[in-house]
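Pasting in a structure now, in structure tokens, and then I'll have a few things to ask.
The first chain written gets the first letter, and so on, giving A, B, C, D, E and F; residue counts start at 1 in each chain.
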Amino acid sequence: MKILLLNPNTSDVLTDQLAEVARKYAAAGTEIVPATGTFGVPYIANRAEAVIGANAALEILAQQHRNVDGAILAAFGDPGLGAARELFDIPIVGLAEAGMLTACMVGKKFAIVTFSTALGAWYRECVEWNQLQDRCCAIRMLDQSFKSIGSVRDEKEALLAELANRAVEEDGADVIVLAGAPLSGLADRIRDRVPVPMIDCCAAAIKQIEGLVTMQLKAPEVGTFRRPGAKDTRGLNDLLAARIEHRD
Amino acid sequence: MKILLLNPNTSDVLTDQLAEVARKYAAAGTEIVPATGTFGVPYIANRAEAVIGANAALEILAQQHRNVDGAILAAFGDPGLGAARELFDIPIVGLAEAGMLTACMVGKKFAIVTFSTALGAWYRECVEWNQLQDRCCAIRMLDQSFKSIGSVRDEKEALLAELANRAVEEDGADVIVLAGAPLSGLADRIRDRVPVPMIDCCAAAIKQIEGLVTMQLKAPEVGTFRRPGAKDTRGLNDLLAARIEHRD
Amino acid sequence: MKILLLNPNTSDVLTDQLAEVARKYAAAGTEIVPATGTFGVPYIANRAEAVIGANAALEILAQQHRNVDGAILAAFGDPGLGAARELFDIPIVGLAEAGMLTACMVGKKFAIVTFSTALGAWYRECVEWNQLQDRCCAIRMLDQSFKSIGSVRDEKEALLAELANRAVEEDGADVIVLAGAPLSGLADRIRDRVPVPMIDCCAAAIKQIEGLVTMQLKAPEVGTFRRPGAKDTRGLNDLLAARIEHRD
Amino acid sequence: MKILLLNPNTSDVLTDQLAEVARKYAAAGTEIVPATGTFGVPYIANRAEAVIGANAALEILAQQHRNVDGAILAAFGDPGLGAARELFDIPIVGLAEAGMLTACMVGKKFAIVTFSTALGAWYRECVEWNQLQDRCCAIRMLDQSFKSIGSVRDEKEALLAELANRAVEEDGADVIVLAGAPLSGLADRIRDRVPVPMIDCCAAAIKQIEGLVTMQLKAPEVGTFRRPGAKDTRGLNDLLAARIEHRD
Amino acid sequence: MKILLLNPNTSDVLTDQLAEVARKYAAAGTEIVPATGTFGVPYIANRAEAVIGANAALEILAQQHRNVDGAILAAFGDPGLGAARELFDIPIVGLAEAGMLTACMVGKKFAIVTFSTALGAWYRECVEWNQLQDRCCAIRMLDQSFKSIGSVRDEKEALLAELANRAVEEDGADVIVLAGAPLSGLADRIRDRVPVPMIDCCAAAIKQIEGLVTMQLKAPEVGTFRRPGAKDTRGLNDLLAARIEHRD
Amino acid sequence: MKILLLNPNTSDVLTDQLAEVARKYAAAGTEIVPATGTFGVPYIANRAEAVIGANAALEILAQQHRNVDGAILAAFGDPGLGAARELFDIPIVGLAEAGMLTACMVGKKFAIVTFSTALGAWYRECVEWNQLQDRCCAIRMLDQSFKSIGSVRDEKEALLAELANRAVEEDGADVIVLAGAPLSGLADRIRDRVPVPMIDCCAAAIKQIEGLVTMQLKAPEVGTFRRPGAKDTRGLNDLLAARIEHRD
């Protein structure tokens, strides 16, 4: 099967990093098709940037959805996930959603651990959108600047391990969700320093999308994610307009 | 005071209709500054269209925020409301938010009544974003096509009154929130046919934004709606980019 | 319009203080009609005193409701608010309700900050009555005696500013609700020392009641706040008895 | 032990009826001390009447609390229960509280069945005050006038049995709480016509208060129901004033 | 009346201790019939041991249910309580359930205090099964080894009193539920050292089961705890098999 | 990898049916190791039977856990899932858990559809144990007898399709979870008759357990599912006793 790995950020370095993790955990026969946002910000960290990233994600899906069997929306916070599911017929999972639902199978309470306080407000809304508040015991964030988005995983490795431990000790986390595309790949490295399982969201996402594609579920004809009726548009990207107008 | 009445839809007819209602309820001395979305769809009805409308709203705010004292995001569902609050320093209220919070002062349970089933899934997410699920007893929607977005209020007047009555009788609504910009102005007309108070969201929004502007609250320096730090952007509308990059 | 500013406490000094704030924020053309409780305690701080204050509030409303267009129940905790809405046809808002709902438009989480631990249990029930638990992140109270209810605002100014800051830092408050009639007027003075917006509940209440009166909502004929049928009474204040017996 | 059976309504017929049920289920050695409200309405049915009844209850408790070992607040809805617990040191249970908590031991979901729609809004607030919403599947009310409060139990027997059955079939009730002092004694009579257990709230209350008295729990020195500090009062019933001012 | 005091643990010393407390609080005329688990572990502390203890409890009930009027499932956590209610017609209460519901009548928030961290996860599930999360402010556990299950109550008396005080001060507990059969009898001893009421679960359970038996509720014919239809079994204890197969 | 497909029922026909579905959806290289309960009932339908089935599941796991890489607890309701996770180090998923979490990625609200009303009470507790109440809009059950557990899937095919449609139309289900091991394999057959995706829980479970095994998460050393300390046992199955006593 072919899986679109859609990075709605504009950073190619993140796309590469995510693709590496996805390929590591993918089943034999799964082909990863990476794509990077063409406009927006290098790393989505809040609601305003998520609005822009959601738009970028829709445009990439409009271009690619017929070429793949499923897609991963590869930014924690899952910008535009509901919108994407409405517009397109293929299965789509978000990094946050996949990570949190997977965590639910290894613990009662998960904590989200990430590298910047800027992300907290948006991540919290993401937990609520998934209605998983009762299972999320904390969102723990580093409160420090970092050199680059591509190397934050390495630069803060020790501090992130320590933060995960505090979530276990002080918040009662049974499992840690390492959040944010830039942290993909970290779980393995700090495994011996944290006493509970840690979820790599990109690993979780590739397994979840493979599962959904394998099950060959039908696209919904009614309900919250059914495709909306055709509608006129003005001023949009051509392929996205075509999809909304039912010309695609 | 000057209030931006920001219609993120592309329909001028809706903007005119909303401005008329806003002016009717505005205090002496309040000037309404209408604006209409320059790209997107004539009427936002789902998550995909809300992503696009949210973007349109941010662009208009980037252009206008220094010319006004406050803004109304004039589409029920409040596309991009959190994002707008993050990026800009003026008070901003959404049509849905203002309508629902006002309803909370006249009843324990409100029902949302609107003109199309297409709107249900998105409206439900809006109720949840406001964490008002415990106070919303139902979302009632007409299940019929209509001639035009500018005249749906007139065409369906009798059916909407009937729907409001069913929400009262069957769902236990103490108050009705008439939802969607196209229904602004309807509450007065069907007042005698519905036994509970009805909220016109545009009327509620103009009173709420006047209140916030009058109180002269400071913009938050920390917390969920603080302004994010400066960040590089690529490929965005100039004014919006300037705001994100802290050049504005 | 004429607005009854109903202080269910027996302290005239509080009534004066509240009236001053209400007049400061009222629109041109709004007349404030102050009233003070004739029996009970100088300052309602718990459920037992609220039962008494609620009774005092109903008696004042029985006397005044035909002379005014709306009423503010001017004690945080809103003693008897539901009862008042049932019995009388005019719009009525409570200080707590108005402050908290207004806070919902400037932050996701509000903290209530007040001057005495005696108030905590009752305020918590008030948050629950409004079903706003998910949006209230903390109730912070000073744990100290104070000289007089009329001057606690001045005496504890520095400590209250500090408490507000702790609610921001430790509880994650996006906005502060300064609670209790005696703190009305404080928000402006400590504005520069607190990094988030602060709500003066009396200011919020005057804007909310002006909005409700402007919208000219009908009184409910059914639902939770409809007027109860006529009933015999024994031993009650004459005007209140007349209202319950439908002689008024 | 001596148990005050405090009927905050003004109807002696209800007091007699309740006392009969209480005596039937009381342990040997339990003495029932009945008391009836001296002002208010014959039967409390809404929030306004509950404010008045709560006041009446506090006055009776001020008079009787030193003569008894515990008290039953004998009106479903439990007007003034929190206030009573704050002010007095003896254990006190409410009819609604006792009935609902007892129901929790015989089913997962209880339905409240009562004789008048006028009671619904107030009863719902009572369920919420006890935070038992997740266990209450319905409040079912007859929608008919009745001859007298003392005979409604007999007059509507067949209809109430039918209503209980509908709560079982349509709402999934595992157990029925027969609500309202006037229905005390009904459970036994319709036992054979309803397929689930039914709780007589007065029976439940006498067993619960006997249990609390037997356990000899200490009165709380801190927390939500600790006794408030002494405070000046004006215009109150002498004994109630004495209790608030710590002269009693 | 005869009450089965069913200790699903294998420790006779606990059974004796529980029976002593039950007899102390029982009404005149109540006979306590103790029984101890014949297989499993000396003290149930987690979900795995609860599965085993639940089985042991069902076997004892299959043997005894016709000889008694009611039963107490005498392990905090109430292993198999729902299963027991389904299979048998007599009233049954659990130690945890009885303790927590009783606590609800003396405070708004209760804290569970117990002697070992091993118990936390299972106790939390018990609170959730009872849907009392909103009323449970904390589960506080000692983090130390102890000499024997029969003497932990004495050995840790001072530490448990201190822990109860921390629950009051730091978690806002209005009432303490002393959890775990081994702590039965402790409440009285530390009464003077803790400023809020404390619930002895065995005392609460004997009063609750006496109340249920006195009320003579019918067994449910429908709903969550109705008896399941007859079913074939393989490899089970004879009496339990007979009950499931409707031969008993 | 080797996956234990643990059917805690005593019906071999169910084990065969489940194994067929599991093999159909398993990745190349996944070996399914089926096992059937040696005591209990042919089909677990309620809490009492779940207690017994949970015990049977623990015994099978005690025997097999070192021979496999992961396990599926193959009865909807997941009897003993938490207990199993505590005792054993391999990843384990339940049929219900896997089905519901997978459903969360294709709709906002799922409905559970099953073949017998006997299952409702127990399934509801399972939804609550997973804290997914906000996402489960209904549990729909056929109310009819059936010939055999092995053929109920075929016998009731048309009625189950109809029931799924009612869940969509009347409960607003976005996705259907076909619940109960006997329905495994049905989703494909009725796909064209139901307008929303349907989850085959056995298919979901095999994909979820494959994902967990692939991620090679560590077993928790602390938290809710850590392995309990060694403890003495009496009267248990040898292998289970060995595991609890830390001899295995």
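Here, contacts are C-beta pairs under 8 Å (C-beta built on N, C-alpha and C of every residue); 3 or more make two chains touch, one makes a residue touch a chain.
Because the structure is a prediction, the values reported are computed rather than measured.
A.B. asks: How far, in degrees, do you have to turn chain E to put its CA atoms on top of chain F, rounded to the nearest 5?
C.D. replies: Roughly 180 degrees of rotation.
A.B. asks: If you take the mean of the Cα atoms for each chain, which one ends up farthest from chain A?
C.D. replies: D
A.B. asks: Shared numbers divided by all numbers used: is that above or below half for chain B and chain C, i.e. same or different?
C.D. replies: The interface is built from the same residue numbers on each side, given that over half of them are used by both copies.
A.B. asks: With chain centres set to the mean of the C-alpha atoms, which chain is at the far end from chain C?
C.D. replies: Farthest from chain C by mean C-alpha position: F.
A.B. asks: Centroid of chain B to centroid of chain E, CA atoms only: how many Å?
C.D. replies: Centre separation, chain B to chain E: 53 Å.
A.B. asks: Measuring centre to centre with CA averages, how many angstrom lie between chain A and chain C?
C.D. replies: Roughly 44 Å, centre to centre.
A.B. asks: For chain A and chain F, what's the span in angstrom between their mean Cα positions?
C.D. replies: Inter-chain centre distance comes to 27 Å.
A.B. asks: Going by the contact rule already set, what residues in chain A reach two or more other chains?
C.D. replies: Chain A, residues with two or more chain partners: 108, 121, 124, 131, 223-225.
A.B. asks: How about chain A: which of its residues touch chain B in the complex?
C.D. replies: The contact residues of chain A facing chain B are 10, 38-42, 45-52, 54-55, 58, 80, 82-84, 86-87, 118, 121, 124-125, 128-129, 131, 223-225, 228-229, 231-236, 244.
A.B. asks: Would you pull the chain D residues touching chain E in the complex into a rising list?
C.D. replies: 25, 27-29, 91, 93, 97-98, 101-102, 104-109, 130-131, 134-135, 168, 172-175, 191, 195-200, 203-204, 207-208, 210-212, 214-215, 217-225
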